[in-house]
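Each structure below appears as structure tokens.
One chain, chain A, appears in both complexes that follow, with chain B as partner in the first and chain C in the second.
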Partner chain A sequence: MDNREQYLQMFFDESAEYLQQLNENVLLLEENPDDEEIINAVFRAAHSVKGMSATMGYERLTDLTHRIENILAKVRNKELQINEHIIDTLFSGLDYIKTLLDDIRANGEEVTDVSTYLRKLEEILENGGVIQEPVGADRKAKAGQQDFNAMLTLTEEEKEEIYNKMTGDESVYNIKVILAQDCLLKNVRGYMILKKAQELGYLAKSNPDQREIEDEDFGDSIYIKLVSSLKEKQINQEFADIIDVAEVIIHKEDKQAKVVKEIEKEEKKIQVDNNKKLREGLSNIQVSPTVRVDIKKLDNLMNMVGELLINKTRLEGLNIQSDVYQDIIQQLDRVTQDLHHIVMQIRMVPIGGIFNRFPRMVRDLSKELNKEIDLVIEGADTELDRSLIDELGDPLMHILRNSIDHGIETPEVRKEKGKSPAGTILLRAYQKGSEIIIEVEDDGAGIDTDRVVEKAIQKGVITADDARQMEERDKLNLIFQPGFSTSEEVTDISGRGVGMDVVRNVVEALDGQVFVESELDVGTRFTISLPLTLAITQALMVVINNEVYAIPLSSISETLLISPDEIMQVRGQDVILLRENTIPLVEAARQLNLPVEYGKYKEYEEIPVVIIKSAERLVGLIVDELLNQQEIVIKSLGKYLINIKNISGATIVGDGDVALILDVRNIA
Partner chain B sequence: MSKRVLVVDDAAFMRMMIKNILIDGGYEIVGEAETGRDAIELYKELKPDLVTMDITMPEMDGIDAVKEILEFDKDAKIIMCSAMGQQAMVIDAIQAGAKDFVVKPFKPDRVLAAVNKLFNE
Partner chain C sequence: MDYTLRENEIMEDSERKQVVVFELADEEYAVDITQSKQIIKVSKITPVPNTPAYVRGVINLRGQIVPVVDLRKRFGINSGTGEKERIITIEYEDMLIGLLVDDIKEVLWYDTEKELESAPEIDTAVRQDYIKGVIKKGKRLIVLIDLEKLLFENRPVSA
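Moving on to the complex of A and B:
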């Protein structure tokens, strides 16, 4: 298939969405087992996944979703009562769907064997007290035999009914309609055939009858006794025209009919199962009109806007004394800013996308650990750059796992401590200035810093000497050190070797920061702060050793001009006193390994200092000159230069020169 | 002039599938709807020659949409797009006046056979 790639992409995207919906709704179903809307929503989502999978030819997925759908159908028809076992089975079914999707993504085919699970589903279906009737293969009529008499035996009453009602120009036809072997939805096709017969004349009898047809309780053939004024050939044609009809055999009965009564073509009341009502009160899933765009196109667009911004800055740099020029510059400034804003917004997606995965995980874990946990989510509509969202899932998951595993105590312990038996984990996101803050807060046991230190020493992360000099906050931060895990035994849930250091690495790679606060027996709060977007940011331009550098404003607290006599020394370290805070001073040039004469800056009359902040710590960075504040487009240095210390990227400034962007996190 | 088709399905994937099949078969897609309600609106606006109608959709399902469309235009040609397991609903739809049905996964020749047949009559 030419479009396979295209289909596949869409298939993955949409199935992921449906899977998410399924997870959310099954969770809701657990709480509201009788809510028809939810049942329908689950049914629909499973159904959609089934349809897509079948189209793509993924049989296991199709089979799996089909059976999940069957269960839901039984629930909907009140033939099956939702219980914990069913919910659990449904959840593991969703996991299988995910696994199969992952298989396809990784290997291009379904690898995981789901047959055991399918049997489990089958058991539920049977235990629900409903027997899956086999498609009436045994009833399959012997093809080729036109045993109309046997198949269409009439009772005396029926005979009378027919022959008395017939008018002069009508004849009785015995018809055998044979369906194609690969006919899909045989019962619907069969129904269409009966409907066609009713249109052509009076349907005296059919074998199978309508009921059996609708229940798909028949083989490949339908026998019909039809009273009609139409010609044999025409009737033949009408039936043969129906799709999936392989063959029509028609015999006209010779009997001369007598006219007695006008035929009352009584439309049979068709009994269709009363699903319909249930199907009506549909959906709370609102589909807003959207356009799906390849994220790469958005990246390109962002780059273009970046280029535009650079050129605008260059244009500004010309500084021509002309009203027209000033006017154009102003206009351009406004337009580019709007454009930037819009592009950023396009790339923004609600963080709910990842938050929504967590209720399910929290449910599963707390069950496993016999803990009671309420997960409260706030600010799920907070928007964040798409590229950040993708990266954030795992770190958040890890923090949550930690909170559940180590943070929240068991109900018994909680009661002893005088807390409510159910712990609460608050997952909150909000925007603060140009940053997005994500907090994970629990009311659990808190982190015991003594134990942290003990463990850190034991693991060789620090020495006992180090520990004595450490402040409480630094002790807490030890959990972010590589190779650290506070759990006594490595459980399956958290502490599987990848620790909080991974969380910190991911967050910092996104230009963000992660903090932890904790109080024993009160709780723990992890705070992740992230820039709104990665690509364009406001920066302060400074000169260091005759080169221009950019410092992202997000990491700057303030700038100062100090005189040398304000500098004091504490333990050999230059510091200044700023509003009663002692702030260490470091030379930017020295941090960058540039050749500078030691202490040279003290000879200047005024020393420009940029106060940078990192994890609540302030450091004064001494530069040679403060230039201006401007928007910069962050360009990566490429993979070979990515590990250069204290430089996070580069940007192009007004005059076309390249300026390096300082990564101040390690300096502070 | 090629026949004008309105494609109704809540899954973009399915719409794309059926669109490609129909376009290859020489049909013109004049509109797409994601819900039964949208389908009715679009039908009234576009007066297409044919509608392909999914059954399970949010807001209003395909069967109710078929009924409303036929109320508006009794000659409307509607083909139901069904999956295995929706027999009862397809029967509902046929009873309501849908002309035919195709079964997901769509096979191009089957879809086109069903569609072409409607216009040969």
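Moving on to the complex of A and C:
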């Protein structure tokens, strides 16, 4: 799937959602025309559709929604009073939006001409929806027009009839013939009027109709809709000449009959299409019904599953010798696992939800900075836990801004370097085992580690001595230090590099990691890795200084029991040799700064070692005892205890006690 | 025993306020009752490494992990742990935090105008910054604690 298609899918999904909202809210508005909340809701939805359409470059949709938005703005400012006409117009506008979306879906571009509809919207904007009190001579005619709409409502058949009778040069006239107050034999006069109308053209409709006139069942006015090729003035004269006619008000319908015919026909076609689509839509809905659920409810559900799991573990701990017991335990195990899996699935949402904010931002920023940047998005359909999605927006935004601001060079500089003038930023997400990987890669200037070190020394983050001992990778990682800046120029886009430390904090708070790789003049890649789900994981339970700790299996390579003579010394560091790999040993108690005597393990006969994967290398973590492996429910330590070194959370073990979860990633 | 403070005890009017009075090294202290949720007996507290000494650890309170702050250590008071040790859980900005104290004394009303004095006049073991005032009940002096300062000034974060 290429990029454009991915954006398109998001665009379709979101606009369909907004369209649904719009339809619902306009309906509500019809019933509660003064409810500001509804007006605002409609306004916001229209605004959103407009924004999305503009981003995607669909001019007709943008124009259409923009004008709808204008009308709503007027309504909101009380410059316009909601009436039936406005509601109708809004609804047909929504239909047009849908038609245009369908066009795009089917043909890749907007096909349907909406210009006539746009004029309709303009009219509302100009005359305020309500027919204003016209001034002077025009007044009567205008007032008449209002009557005409009410008095001469046409049925579909009648409309069709008019079109069929009409030829190119005819117009539709609405005529009100008022009889004199003292008129006798009204039925005769009425009959004469109708007869005259039939002579002048095609009598489409009259109110009262012929029968009512014969029965003299009417007041002193007769309304007539007439299709005629004659001029307004001639018709007026013809009617005025009839005896006892006091006044004739005549109004020619605005558009050429032919145009009217086309518009109306088109509107009908849309309606038919929509009906057809509605039916198709209904059958689609039945295939995959969905429900929207408050994320809090899902959180609760997840907690309940966690509780269930804890109690299942406790039950297992009883270890009763009975077939029935074993059977129940097995069943329970299966059910809780399935349940957990389902809840996890429910919580998963595509990362596209945050990715789709970026194309526009990149476009705007690059324009502002006079850079040319192509943003390429891959894997927007990669799913991850909803709670992660919400947190990831800002860090990703920041990395992107950094790439745009500091990474990609100006076209001139790029040309000098022999690169194409337009830079590329690749935003990619994919799943790797039980982790989600998000990469932001640019083909820009890269990060100059010498300058990074220079700045770090200048800022007092490190000393010159520190710098000499640093590996290239560690130098690069200095950019994650608080208050660090590499850009000579301070811009309002990524500021003084403030935020890369924040990025790391956020990602680590989500139990994830962020790395940076960079090569001068080739580019920079930021990689964020996150656990697929936060809530439940497999862990190894160990004992350190009489307390039980959990180590997530995802970070364990294997466990060993070694004897003290296997320990060797390399440059003062205890190491073991494992399949020809030298693995440094670290003592868990020391890593945790526990108040115990360090190095006592050398006196043990057997030393339990957990080989952990820490920042892409293996480290042997010495613990006091290896316990069982079990599923644990990860719980946060809460907002009071944040960023505790080497502790990522807690879990509740079988006996109801709390066991801390070791964060081994930064153990060196 | 584990009792939750009932809602109707949390009434307040303009001049009278309720506080939970507890003991630390034979001195009486109090926190505003609207901030306190419940009083629980101390069970197993799991110590959390790499935190300041006054963070005693975390407990499991009906499935929720709640940090426990040892008020004696927070105030730098030296006193042994006694039988009557209790944890008062308080809620602050969506956070549930346990305060470990020597003993819970009572819940009482005081008059905010007549019975509350500003802190500097009284000599206590606790740093003035953490004190909102002193409640005078006859001869009794009860130190009213400023929870916000106590908990969030230098909040425990290991770098």
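Please note the rule applied: the second predicted complex is superposed on the first by the 344 of 668 C-alpha atoms of A that agree within 3 Å, B and C clash if a C-alpha of one lies under 4 Å from a C-alpha of the other, contacts with A are read in each partner's own complex, and residues count from 1 in each chain.
The criterion applied here is as follows: contacts are C-beta pairs under 8 Å (C-beta built on N, C-alpha and C of every residue); 3 or more make two chains touch, one makes a residue touch a chain.
Predicted model only: the values in this text are computed from it and were never measured.
K.L.:
Look at the residues of chain A and decide whether chain B or chain C touches more of them.
P.N.:
Answer, by number of touched residues of chain A: B.
K.L.:
A:Leu637 in the overlay: touching chain B, chain C, both, or neither? Say first, second, both or neither.
P.N.:
Second partner only, chain C.
K.L.:
Kindly classify A:Leu184 by the partners it touches after superposition: chain B alone (first), chain C alone (second), both, or neither?
P.N.:
first
K.L.:
After the superposition on A, what does A:Asp220 contact: first (chain B), second (chain C), both or neither?
P.N.:
In the superposed model, A:Asp220 contacts neither chain B nor chain C.
K.L.:
After superposition on the shared chain, which partner residues are touched by A:Asn303: those of chain B (first), chain C (second), both, or neither?
P.N.:
After superposing on A, A:Asn303 lies in contact with chain C but is clear of chain B.
K.L.:
One more residue to check, A:Ala650. First (chain B), second (chain C), both or neither?
P.N.:
second
K.L.:
Per the contact definition in the header, classify A:Ile243: touching chain B only (first), chain C only (second), both, or neither.
P.N.:
A:Ile243: touches chain B, not chain C.
K.L.:
Under the stated touch criterion, which partner chain does A:Val658 make contact with: chain B (first), chain C (second), both, or neither?
P.N.:
Second partner only, chain C.
K.L.:
Which stretch or stretches of chain A touch chain C in the complex?
P.N.:
Per the touch definition, chain A meets chain C at residues 303, 306-307, 310, 547, 592-594, 635-647, 649-650, 652, 656-660.
K.L.:
In their shared complex, at which residues does chain A touch chain B?
P.N.:
Per the stated touch rule, the residues are 3, 6-7, 10-11, 14, 43-44, 47-48, 50-52, 54-57, 66, 69-70, 73, 184-185, 187-188, 191-192, 195, 214, 216, 241, 243, 270, 272-273, 275-276, 279-280, 282-283, 285-287, 292.
K.L.:
So in the complex, which bits of chain B are touching chain A?
P.N.:
The touching residues are 10-14, 16-17, 20, 34-35, 56-61, 63-64, 82-92, 94-95, 100-101, 103-106, 110, 113-114, 117.
K.L.:
Residues of chain C touching chain A in their complex?
P.N.:
Where chain C meets chain A, its residues are 44, 46-51, 55, 57-60, 63-67, 93-97, 151, 155-159.
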